[in-house]
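In the two complexes that follow, chain A is the common piece, with chain B as its partner first and chain C second.
And then the complex of A and B:
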């Protein structure tokens, strides 16, 4: 924490989590938000209501955020704090989440800035009413892509390193070994006829298998996206997430869908069916507050 | 963070019970309705952020393998990586060829 600045400037900075329709003021009671200094509260915008918290200006400068983005615990703390307020409020009333770290200089500015956008908020509320967001991730089946290719790759490398070691043992530049080598050269491990060709074929085979595996994984990803998209109102493809070290799996689809509440069961069933049919690992996450579907479409 | 409990379990919270950070970040960071705040904060692209975070999560030893390298070198995710894979293979083949050629003339005089 920095030195205590003048209270007035701190009191002027307002963090906005979301915009809601008809929240009960008690909906925000007990929420921690992003600061321990003040409570999460509501701020009327007329027909809509902002979910806000007064924060210390010094904690929300761009510099403070750049430092936070490099500190996993801090970033996680704020991301979850934002997400928890949004989720809690959305459980009680129709809610449009705002991006993390949306800040204004005082209540008057919040009313001005968000009041001007009332039409967009209302359109977003209509769009997501009685819908939830569900994330679907597809990982390439180990048998068709990751494991087999990784194994092939390893075999290739091991085979080659064995060969190199063998060649090193027969090092012609080693004077001690030279005479023996001359004698032994007839039955020396000279490449069998066609060994080079076999090597090329083996390489080509591995490459073809890898390509087949990739095509198959991408085909499954497209099929899953199409099927899930079929029961969704809208969908978005997100960037595949990098996997942790040592994870052999490859994420081939990271998508998110806006699904009607009454179709949630259907989505769960479809996911199970797709898992069985494709053999791919498919992860379903949700229900989320429809973060990904309140923007311009 | 055990000292700060942001979770409100007293009433039903929509959202997966076990949410991983990357899933939350890709939703709370950009997406959503675009509303200009008074205080401009540059939020990093989620991809850059997860890579950056991964480098922190991973130990120093595994960091190189974990983050940027893994991402950039996976042929399934990057066309550049596919190209690199091809180049690597070509290099392997050229080395093997050189190896074979250098052996060949030695045998002739016999």
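And then the complex of A and C:
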């Protein structure tokens, strides 16, 4: 880690955490940042202020970052360090967080590069001042029917779950189920007449149920997005996160909202109401530093 | 060093390959099944024809289950995450 190329000069690399307006320099006192060698400090850019820290160039070469990205624990350490500084500053004044590992060679470069984007920062600061980001995740309401299918999946495949099917709706082919049941035990022999038709009808029922469930879940997702979006200044839909292994619930909405500070309580109430009304599992998280709303202006 | 590193384990690769092949076969089977259901809904097929097709698909389904068991592949492994497009096979 201490090996370094001749072109890097140690004292000169500056890590920028965030850009903000009128911070109190004492806000950053005591913050560790991403390095133990120097303190987190402020760097004035005219009307804006950057929150910076001088770091060793050798710790932030491309190679060092590549190594870090594949080491979860190191990555987490840096992400937390970055986030701690950003949140501490954001708690005191409007703050635009910069991406992790934003580095410049020397103060002059910081001023040049961030100065060029001053308009963008100012616009972002105007937008997020007195606002926080809240995450909303909606999971499809658990369907008991689906759960039973999953557990009885094997039985159903072998034609034994006709009782469940009969509960659901009148099936004209129901009397033909009995032969289907014997097929399963008779293994390799050709199933009795009617078994194939009953099988397809079961599958058709499952398909209809799945489509109904999906439509219902999407409808709930749209309704939640519309209602929460109604009290937000801006919103972004993210791709729903895939199901983790062994997890039965399906995420149907993964969105984030920029909400005024004074409407936080209203948002919490709305979430509770939506939960009761839809029966869906709705997770509200926040307030976060509005990372998602400082990018494009 | 950590879980995120790629581990080239030949046995695991073999199993992944089997899972991929079975996924493709299952995809085709489900497509045929949907096509059969659609034709029944449209009234294209006589009961005898529908029964014949249904029996074939049912036997294929059973065979798939057996193959999965033989190769230690779980039914939920038979899927591909296609990113923004969702998953290859529908999930319940």
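General observations
What we mean here is this: the second predicted complex is superposed on the first by the 240 of 297 C-alpha atoms of A that agree within 3 Å, B and C clash if a C-alpha of one lies under 4 Å from a C-alpha of the other, contacts with A are read in each partner's own complex, and residues count from 1 in each chain.
The criterion applied here is as follows: contacts are C-beta pairs under 8 Å (C-beta built on N, C-alpha and C of every residue); 3 or more make two chains touch, one makes a residue touch a chain.
These numbers were taken from a predicted model, which means no experiment stands behind them.
Of the two partner chains, both chain B and chain C are touched by A:210.
Applying the stated contact rule after C-alpha superposition, one finds that A:96 touches chain B and leaves chain C untouched.
In the superposed pair of complexes, A:61 makes contact with chain B only, with no contact to chain C.
After overlaying the two complexes on the shared chain, residue contacts for A:72 are found with chain B and with chain C alike.
Legend: residue contacts after superposition of the two complexes on their common chain; A:193 is shown touching chain C, with no touch to chain B. Greater residue coverage of chain A by touch, when chain B is weighed against chain C, goes to B.
Judged by the document's definition of touching, chain A residues 70-73, 190-191, 196, 199-200, 203, 207, 210, 239, 242-243, 250 lie at the interface with chain B and also at the interface with chain C.
Within the complex formed with chain A, the residues of chain B that make contact are 1, 4-8, 10-16, 19, 21-44, 46-47, 49-54, 56-58, 62, 65-67, 70-71, 74-77, 89, 92-93, 96-97, 99-100, 103, 106-107, 110. Across the interface of their complex, chain C is touched by residues 70-73, 146, 149-150, 153-154, 157-159, 190-191, 193-200, 203-204, 206-207, 210, 239, 242-243, 250 of chain A. Of all the residues in chain A, the ones that touch chain B in their complex are 13, 16, 30-32, 36, 60-62, 65-66, 69-73, 75-77, 79-84, 86-88, 90-92, 96-105, 109, 113-114, 117, 120-121, 124, 132-133, 135, 140, 145, 160, 167, 172, 185, 190-191, 196, 199-200, 203, 207, 210, 214, 217-218, 238-246, 250, 252, 285-289, 291-292, 294-296. For chain C in complex with chain A, the touching residues are 1-5, 33-34, 36-37, 40-41, 47, 50-59, 61-62, 65, 75, 81, 83-84, 90-92.
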